[in-house]
Structures are given as structure tokens and as C-alpha cells.
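Chains here go by letter, A, B, C, D, E and F, matching the order in which they are written, and residues are numbered from 1 within each.
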Amino acid sequence: MKLVVKVTGKFFDAEGDKSQLSSSIRSLVQEGHRVALVTGGGATARRYISLGRSLNLNEASLDLLGIWVARLNAFLMAMSMPDLAYARIPESLEQFLEYWGHGKVVVVGGFQPGQSTAAVSALVAEAISADYLIMVTTVEGVFDSDPKKNPNARFLPRVTTTQLRSILESTQSVKAGTYELLDPMAMKIVERSRIRVIVTSVDKIGKLARIIKGEETASIVEPV
Amino acid sequence: MKLVVKVTGKFFDAEGDKSQLSSSIRSLVQEGHRVALVTGGGATARRYISLGRSLNLNEASLDLLGIWVARLNAFLMAMSMPDLAYARIPESLEQFLEYWGHGKVVVVGGFQPGQSTAAVSALVAEAISADYLIMVTTVEGVFDSDPKKNPNARFLPRVTTTQLRSILESTQSVKAGTYELLDPMAMKIVERSRIRVIVTSVDKIGKLARIIKGEETASIVEPV
Amino acid sequence: MKLVVKVTGKFFDAEGDKSQLSSSIRSLVQEGHRVALVTGGGATARRYISLGRSLNLNEASLDLLGIWVARLNAFLMAMSMPDLAYARIPESLEQFLEYWGHGKVVVVGGFQPGQSTAAVSALVAEAISADYLIMVTTVEGVFDSDPKKNPNARFLPRVTTTQLRSILESTQSVKAGTYELLDPMAMKIVERSRIRVIVTSVDKIGKLARIIKGEETASIVEPV
Amino acid sequence: MKLVVKVTGKFFDAEGDKSQLSSSIRSLVQEGHRVALVTGGGATARRYISLGRSLNLNEASLDLLGIWVARLNAFLMAMSMPDLAYARIPESLEQFLEYWGHGKVVVVGGFQPGQSTAAVSALVAEAISADYLIMVTTVEGVFDSDPKKNPNARFLPRVTTTQLRSILESTQSVKAGTYELLDPMAMKIVERSRIRVIVTSVDKIGKLARIIKGEETASIVEPV
Amino acid sequence: MKLVVKVTGKFFDAEGDKSQLSSSIRSLVQEGHRVALVTGGGATARRYISLGRSLNLNEASLDLLGIWVARLNAFLMAMSMPDLAYARIPESLEQFLEYWGHGKVVVVGGFQPGQSTAAVSALVAEAISADYLIMVTTVEGVFDSDPKKNPNARFLPRVTTTQLRSILESTQSVKAGTYELLDPMAMKIVERSRIRVIVTSVDKIGKLARIIKGEETASIVEPV
Amino acid sequence: MKLVVKVTGKFFDAEGDKSQLSSSIRSLVQEGHRVALVTGGGATARRYISLGRSLNLNEASLDLLGIWVARLNAFLMAMSMPDLAYARIPESLEQFLEYWGHGKVVVVGGFQPGQSTAAVSALVAEAISADYLIMVTTVEGVFDSDPKKNPNARFLPRVTTTQLRSILESTQSVKAGTYELLDPMAMKIVERSRIRVIVTSVDKIGKLARIIKGEETASIVEPV
């Protein structure tokens, strides 16, 4: 299968071992899948954006700083898999497609200002006609309300994009940004190209191979 | 001033003289402005997208075909001003910024799938902290309803983005696509970076220098 | 075998299905051949050249416009074979050689002003030491006079470059341009590198695998 | 004059205003100098190198991670001077020379593994035949012993490379790394091309224009 | 004026001072002209082509070797004018046009197999709408027969391309290659774009500014 | 195994057959090794550096001229193995790593001023975690003194980097440059990444496969 794995920038904030992610990607490749990996920027991105703001950078430049940090995380992961991963981080979707043609894991940080890492991963998934877009977030999956605020929030193993949109919009307390889920641009692409999205937690980052087999708890978002 | 001029792809559909646009850009440069030009794809883009669809291309590839045609139009205009324009069409915002630094007119077709030419021009305007984004469309400006359907549609010389959003949403018969105006992504960028947008018609493409002086009828959209 | 397939721009003028070409290339690859595809620009190229002329572009720029359109056709075909074709269209022979090294089908539009698509395909064939250069044209093969003007024109299944040159030169009514065959530059390269050329018609574009086996009528031009 | 300013990565570790550097560069440009700026990686570089080490990256890849962070700092500074600085960070000396030719401030992070930022700045200074290489470090200048350990360390306003080498070698407690001064490669280049080096402290980063006029305390290293 | 200066590779064969060429280009620039310089490969090119032939390289690769050496000569000259010349040698006409837009002297070696340096310089002259293409050859200008064989060969101060073609063709003993003059491709471009060609000798390489004023003996080839 | 073969520029000075090197690389590849080849510049490099010096080029530019010639030699060898070698010569270590990822032989000339071809080959060896760096020099291996001056010089089949450093330093008459062995930068990289170096003579260039099996006399330098 063709898989896009999108990992929250928070994964790179914590100290300690990042090899769970490399190992997990390696397992997917060994099982015969082709994998694109998209990394967020996390706290380092926010720190540089803050430095940039004190230097009066405009919004486009601030976004570019965040993209640079996301690419730094991408480069870290690429270097950790020198036999599997393409050694360059693409700067645009066209470059991504060129690199992808070489048959390797391609690791992506970001492409341009004005779009979230979620949108980038949706664009990548669309461009390669991916079977799944796996979003590795800070929550276990999709809930009917914010699990951090509502102890009775119900986990949803399967949800349509329509339902997801309605959850995100109706629940005042749940912002897309908080969830790191599908912003409008990502949603639009997922729907128009009917990309199936799996939402899982960074705690399970070492078990991606099990997740796509449905052997680990995760939510599946079906485009409608 | 720093100006972004966005020209509808329809301008390139018609046969005949395209030199009104080059001359108009030349006048702006001669008056001391710096100019970025963004071109749409028009009917040729649609024809290639249709050929692509019959070849079962995915949505990303179809968008890329449209972008190639928009870049072809961009290249045509760049070649028509060899002394003023940068000889390469940028493939990403980062490339655009590099070319822009050389002090020339930079002509842009498009950057990546999933975004309109309007969004591209908003991104460009944000990145250079443009004074105005001039959208050369098929209508004379912003109306309170679709002038093609409603003979009493009232022309609005000045409108806020909030008002514009409300017009676009409330009027069933007016789709953003029809208007070629601000889609959600363009709107988001225009608002977050407070970019002033001028909406004018392709009939006035030879009078851009007059338009920014307010000497020709046009609508101004103020971000709020 | 290593094959270069050159397709007349006219193929892209007609509406309707272009998948015959993709399928035909796919068959060649499946039979173990390596394939480079060179596409012409056709009517869209002529339209843009005409627009350029009305903008007073110089000859080099006009040729570049035609090359851009040929590359657009190349990109269309590359996107129709995402698993087989390299995702970038080379801008020079050196880029072509780099892309070719990746083992994929490389699709080429054109390289530089002042040379025909025939010359481009001869350059490509020489650079990869191709076994055959297959020219898919608007005629069935080489005739001893122009079949469109002379109902008694005799089809030549086998012809030397010397004979071909003499036919092209002696027959006033037959211009190289009309035939889309070997112009002087293409001829020079074909001869110096002893490249065998097959001339066939766009009607047989779906049967390229049969043509190289000699199972379809076509002319072979032998360099001397 | 042509100036290379090399800023220790520690400058980017501290929170707070970085505009002193941009302003200082701007003053130099306004006084008619051409400026190249070289930035170190600092604590963020060390953090990523540590993450990389836990992922078993080889030394070359670890150095590349540090270079990426230095380039991130370079990009931050370039974006803070959009009218003065080239919008791309060069990846090699050849790219640097190309960018430098455009007449702008070029900001450099690093070029390749196995060399210090000091060596990078010496290479840049040599390539442009710089009048001065200004090293903005964590100490006020060159001392005859480590001022942090020896309260009687004597400040040297003028020193030859021979003397400097002897100080660095003879004083056990003073490592080149600590000083962030001239490692052997930097020294070799400074000597062979007779580049004059000014050593000053990050506390005076806002006064670079005064430093090159000799109006602020700093050490000058003369090549011999 | 816009000038293309093409210098025979033989100029680089001799030891000794090459600064006459740099100085001459500098004078042209100081008089307000824009200059592109095209260099041949000479004996070093022939030596590498011979090494390549013993390694069984194909014709395209042999031509590329010659082009590399021509680019080496180009790079030598570019480095000798660091303040005037673009620091990169273009690999294609499109790259040339991009570099040319920066307002500097651009030095060119060659573009692709199958074409002479004369053709390259004609392409460059056409692309920038040059006022003159100055060919610095091993002969003083155009003669009505080969001056090396015929002591009565008559020098022609002014000749049309038609006359030149007839001289080159009719005189058995005069090969285009010997003359390093206009081969068919160069001739075609010169004629279609009506480029005026000045033919002069390498002995006058220090007097290019005088030559374009007509103050030195040289032949002018007028396109018809 | 992963191997880096570094060949002295002198190999390219002599006329005659260079196919021993291609054949030797081919054998290594056929035995399942991955190979990077680094070529020196030799006499042609020195000639161009001398031309450059008479043109008053600075040291950085002179080094770049030498690098260009080394790349020319690299290109010659790459073109002699079109099926095995990557068709582009990398300009930086980052480009090298990208090309290396494609699974082909990558041929390298040089990267930047201020470093020897030995240092380049050590950088390459470190970046790919090579098993051996094979230095093909003008001497048979490491001796305890200069064999050209001392007839009793003793051949050392195995030597540590510490011993080698002591030999190079203590023997006045033996300069690193003469030996074309490990200069300080190369030494530093070899030691920090514990790269095993084999030193052999250009006379055995056809027997590289035997050398790595220990079937030919050569010195091994062990990092300590």
C-alpha cells in the first residue's frame, strides 16, 4: 500500500529516543508498503516564530520559519534511515513527486506559508493516490467532544468527514488547531480525492504496522 | 508601492493583442512601483485538465496541468517584457521570493495543487508586504448580488472582507468561482495580513496605473 | 532495447482519448524495453507562437514558447504513467541524461530554440545509444513523393539516409517541415551515430510494440 | 569595503531581541559596505546533534544537522532584512558566490561537514577578497591567556596569526573551541590569503560600524 | 549596445597572458555595452575528446566533454572579472537568459551536443536581440578564398550571408570547420533573426571596443 | 561493502587508455560493492591554476579552477560507465548524498576551496560510512621515509594514523603534498570516523578488486 504518515511536531519536542519512529517506518517498508513521512515543527518552530515576530517578520516569513524547523525535523528522520530515505527534503509538491519516483521513503517538512502540516500531508496523500493518511497526533483518535475537557467524551472508531466537520464546528471548545486534525484545506482535499484518514496517538508511534492492520485502537475518517 | 496584479485566465483565451497588459505593467514600473504579476490558466487549462481526466489523472495531477498552463501564460508575458521581467517562472513561493529580490517584475502561474490563482496572488502579496493586490476579473468590481442575474445589482466601491464574505455566502446565486474572487484560503491570508484588494475588470487592463490612483471605477476590499 | 519514440504535436490537437499512447509505452516497458518519449507542440504551440508574435517576441522567445507547450504535452503523458515515468520534464540534454539514469521512461518536450522536435529526438537517441528512433508522424512512412499530392507515390519500406535526403531535396513539393521528418540537424546526428529510424503513422500509435517487431507496415531509414 | 561578519551561535540561544544584529548590518550597508553574514548554530544545533546521536547518525550527518540549524539562524536573519538580504541561504561556496554577485547581503549557515563556522567565514572572506573578517564571539577579543580562568589575562589589541597560534597552542587551558576563534583550517585560509581578522564580543553586536572604524575595543589579528 | 563576443578555443591553448580578453570586455562594459562572452574549447577539448574516444564514449558524450572544457575556459574568464561577470556558467539557453537578466557579463561554454560554438553564440545573440555577434577567430576576417592556401585571397570587409555561404560551399579547400565561421545552424539563426556578424582575429582581442566602432579592420557579415 | 576509490590526478595526465579504471570499478560493482570514485585534477588543473594566477585570481578562485578540472576528469569517467555511473558530478557533499541514494557509482571531482582531494574522499567515505577508502597514488603504499630519496625506505603494510602522522611530520624531506596522502583535514575525518584507508599505486589501478581482498601489496592505515 501507499501510506502517508504525518507526525505531530510535539514528538520532536521531548528529549530522548526518536528511534521508535524510524523503526516503525522501517517495518512498514519491510512489509512492502511505500511510505511518505510528514513532520511538524513543534516547540522549536514556535520559538523561532516568536524570535521572528520580535524582528517584525511578516506572516509569510513567520510561516516559512516554521516550515524550516519542520524540515529540520524531516532531515533528522531522513538521516536516521540512510538506506531507506531520500537524502533531500522537498521544498514543493513537484519536488516531492520527483523524489517519490525514486522508490524511497520521502520525508517532508512543509511546502509554503498559509497551510498546516495536515494540509501538506493531505496534498502528499492526494498526489500519490495514497491508500491511507495516518495522522499521529496527541490524542488517541476522534472523540465526540474534547476528551481533555469532557471525561465522558466518547471515542469514535469510525467517522465520516461530514460528522467530523460537524463535531469540530459545533463543539465550541474543540478547535481544529487543538486537535491537530483536518483544517478546511486538508478537509477539502481529503474529500475531493476520497482519502481515508487514520487518527492515532503519538504513544502508538512504534506500532504503525499494527495500526494499518486494525490491530490497534485508532479512528478512521471516511471521506464522503 | 509594491503591487500584485492578478489577471484572470480568460484574458489569455481571446485571440488578439495582449500588449495592453505588458504596457500597463510597464507604466506601473515607470511610475516607480514594484510589480508581481499572477496569471490564470483559462480555457487552455480547462482543455488540458479535460484531456488529463480522460487519462485518469488524479486531482493533484490535474491541478498541476492547470498550473503548467498558467505558467505558460506567465512565460508569455515575461517574454513580452524582456527588459523588465525575470526570465524564469517560479515554482514555489520560496523561488518567487528569491527572484523578487532581483528587483524585476516576477510573473507567476501557480505553485501547487489545491489552491486557486486568487490564493496564489494573496500568498505573493503577503510575502512581499504588498500595498495592493489588484484582481483583474471578468466583472467590474464587487456587487451586492450577481450583476449577470440581477439587473438591479448595486456596485460597491468599498467593502470589507466581512461584508464580502457575507455577500458571497448569502447570495445563493453568487459563487466565489463565478466571481473569481477570494476563496477561503485567499480570504484568510488577506485578513491575517491585512492586504487591501482592488477588484477591477479585464476591460480596464490597460489602465492599471490609473486604477491604483483611484481614477477608474473599481471596488476596494478592506480586510477587517 | 533502448527506444526513442517521437510523437507529432498533432496527436495532442485532437480531442478524445490519449491513452493509446500511454498503453503503447506501457507495453514496450513490459516487454523489457527502455523508452524515452519526445512530444511535439502542435496547434497549441502554434497559437502561443502567434500570440507571442503579436507581442513582438524575438525568434528565440517564440521557439521557447513552442517548447513550453511541447513540455506541457510531455507533462500530460508523464502524469498519465505515474508508476513508469519520471515526474519531471528535462530542460536540457544533460538533465535528460540524469533523469534517464533512474531507469524510468523520460518524457521530453524540447531543449532549446533553433531545433525541431525531430532534432531533439535524434539527440536523445544518440545520447542513450538507442536501438531505434521511432517517429510517429502524420504519414504512414517514407514515400518517393508526397502521397498527399501524388496518388502514385510509392511507399518505401526501407530507405537510406542518402536516399531520403535526395527525396526531400529533389521533390520540390515535399518539404521536411511538411513531412515532420529529418531536418538537417536531425539527419546529421542520425548519420554520425548511425541511428536507425522507423517512420510510422499516428494511426498506429497503439501498436508500437508490434512496429518494432516489424509486424506493422512502417519505413525504416538506415543511416549511411 | 567588503566585510564578513561571523556571529557565534550563542547569540541565537538567548531569548529576546535579535534586531541589534539586523540594525548593525543595515548600518554597515548604509555606509557603503558590502556584507556577508555567517551564523553559528548554538544550543539548538547541539540539541539536534544530541537527538541525532541517539539515532546513531554518523559524524557527517551530525555535522549536517548542525549546519541545518546554522542555516535556520541564517534564514531568520535574512528574513529580518527583506530589502537588503538575499532570500536564499547558500549550500556551498559556489552558490554563495552566485548569490553574492547580486549585490545583496548574503547570509550563510554552513557548507559541509568537518569544518567550523570559523572556517566557513574564512572561506567566504577569501572568496570575496574581503577587507575584514569580523568574528563576533563570547569574549571581548584576544587575550594572552583565558580571561575566564586567569584574572590577570592581558587583552591584546593587535596580534599576528603566529602569535595567536602560539597562544592557542601553549596555553593548555585555552582551546580553540572555547574561544570560537581560528581553528587550523580557518587559520590556513586566513594566512594564505592574508585576511585581516577582527575579534569582538557579542555585547558589541550593535556597534559593528564603529568597530571597523576602530572606535570600539576589539582585537585585530594580522596574518603573517 | 548588446554584444556577443565569441572567442576561438585556440586562444586558451597558448600559454601566457589572457588578460587582454578580460580588459577588452571590461572596456566594452565601461563604454555602456552589455556583453555575453562565448568561449571555445581548443586543444584541451580535443585532448579530452580523444581520451573519451579511447574509452568508447558515444558522440553525444564526446561532445559533452568538449562542452565541459569550453565551460572551464568560460569559468576562467568569469573568475577573472569577479565584479563584472556572473559567477555561474549556464548549461542551457534558458539558464543563460535567467543569468543575463541580472545585468552582468555572462560567460558561456556550450549548451548541448551536436552544435558548434558558433551556433551557441548565434543562439545567444538571437535570444538577447544582440546588435552584433563578434567572432574572434584565427583569421583576420572573411576572404574570397582560404588565405592560408591562396596568397592572392582577397579580404572582404563586407559580405552577405548569401555570399559567405557561396564562398564556403564553392571553395573546396575552405571548410567551415577550418574557418570556425558560420556552420549551417549558426547561419540559419543569423539569417532568420537578421544578426550582424563581425569576423575578426584573435590578434585583435584587446581591441574589441575599437572593432565595434569600425576603427580596426574586420569583416562584417550582413544577413539577407 | 561500501568503497571510496580516490585516484591521483596524475592518472589523467598520461595519454593512452584509461579503461583500466572503468574496468576495475565495474569489477567491484559486479562483486556486489557500492563504489564512489574521487578524481584529482593533475597537470591540467595546474595549468589552469597557472593561467588563473596570471589573471590575478584569488586563492579561492584558483582552487575552484582546480576543482573544475577534477570534475572534468570525474565526468570523463562517469561517461565511460553510462550504465553504472550517475550522469551528474556533485558540487557539494549534500548533492553527493542525494546522488548516492540512487544506487549508482557516483564520481566526484571536488567540493570547495581550501581542501585537498584526499579530504574530499575522506568526507565522502565518512558520509556513506564506507568500509574502505582506497587511495590510488603515485607510490606503492606507506614507507617509513621517502622511497624516492631513500633507497632503504621500508614499506609498511600496516600503519596507524598516529604512526603515519609521525612519519609525515618527522621526516623533513617527506611532505604530505608529495605523498598525496592524508593532509590534516583528511586525517581528522579518518580518525574521528575510524575509516580504514588503503594506500596503493596507480600501477595497480586495474586490480582494485584484488587489493580489497588483500591479494595485492598495499598499505593499510588504521585510524586510532
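Going forward, a residue touches a chain if its C-beta (ideal position, glycine included) is under 8 Å from a C-beta of that chain, and two chains touch if they have at least 3 such contacts.
In this text the structure is predicted, and so the values were computed from the model without any measurement.
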Original post:
Chains in contact with chain E and with chain F: which ones?
Top reply: C, D
Subject >> Same-residue or different-residue interface between chain B and chain D, half as cut-off >> reply: different
Original post:
Which of the two pairs, B-E or A-B, is linked by more C-beta contacts?
Top reply: A-B
**OP:** State, to the nearest whole Å, the distance from the C-alpha centre of chain C to the C-alpha centre of chain D.
**Re:** 55
Original post:
How many Å are there between the centre of chain A and the centre of chain D, using C-alpha atoms for each centre?
Top reply: 37
Original post:
What positions in chain A touch 2 or more of the other chains?
Top reply: 61, 64, 82, 94, 102, 129
**OP:** Please list, in label order, each pair of chains that touches.
**Re:** A-B, A-C, A-D, A-F, B-C, B-D, B-E, C-E, C-F, D-E, D-F, E-F
**OP:** Would you pull the chain B residues touching chain E in the complex into a rising list?
**Re:** 82, 86-88, 102, 104
Subject >> chain B residues touching chain D - in the complex, by the definition given at the top >> reply: 94, 97-98, 100-102, 129
Original post:
Taking the complex as given, what residues does chain C use to touch chain B?
Top reply: 12, 15-19, 22, 44, 48, 51-52, 54-57, 61, 64-65, 68-69, 71-72, 75-76, 79-80, 82
Original post:
Which positions of chain D touch chain F when the two form their complex?
Top reply: 58-61, 64, 91-94, 111-115, 119, 122-123, 126-127, 129, 184-185, 188-189, 192-193
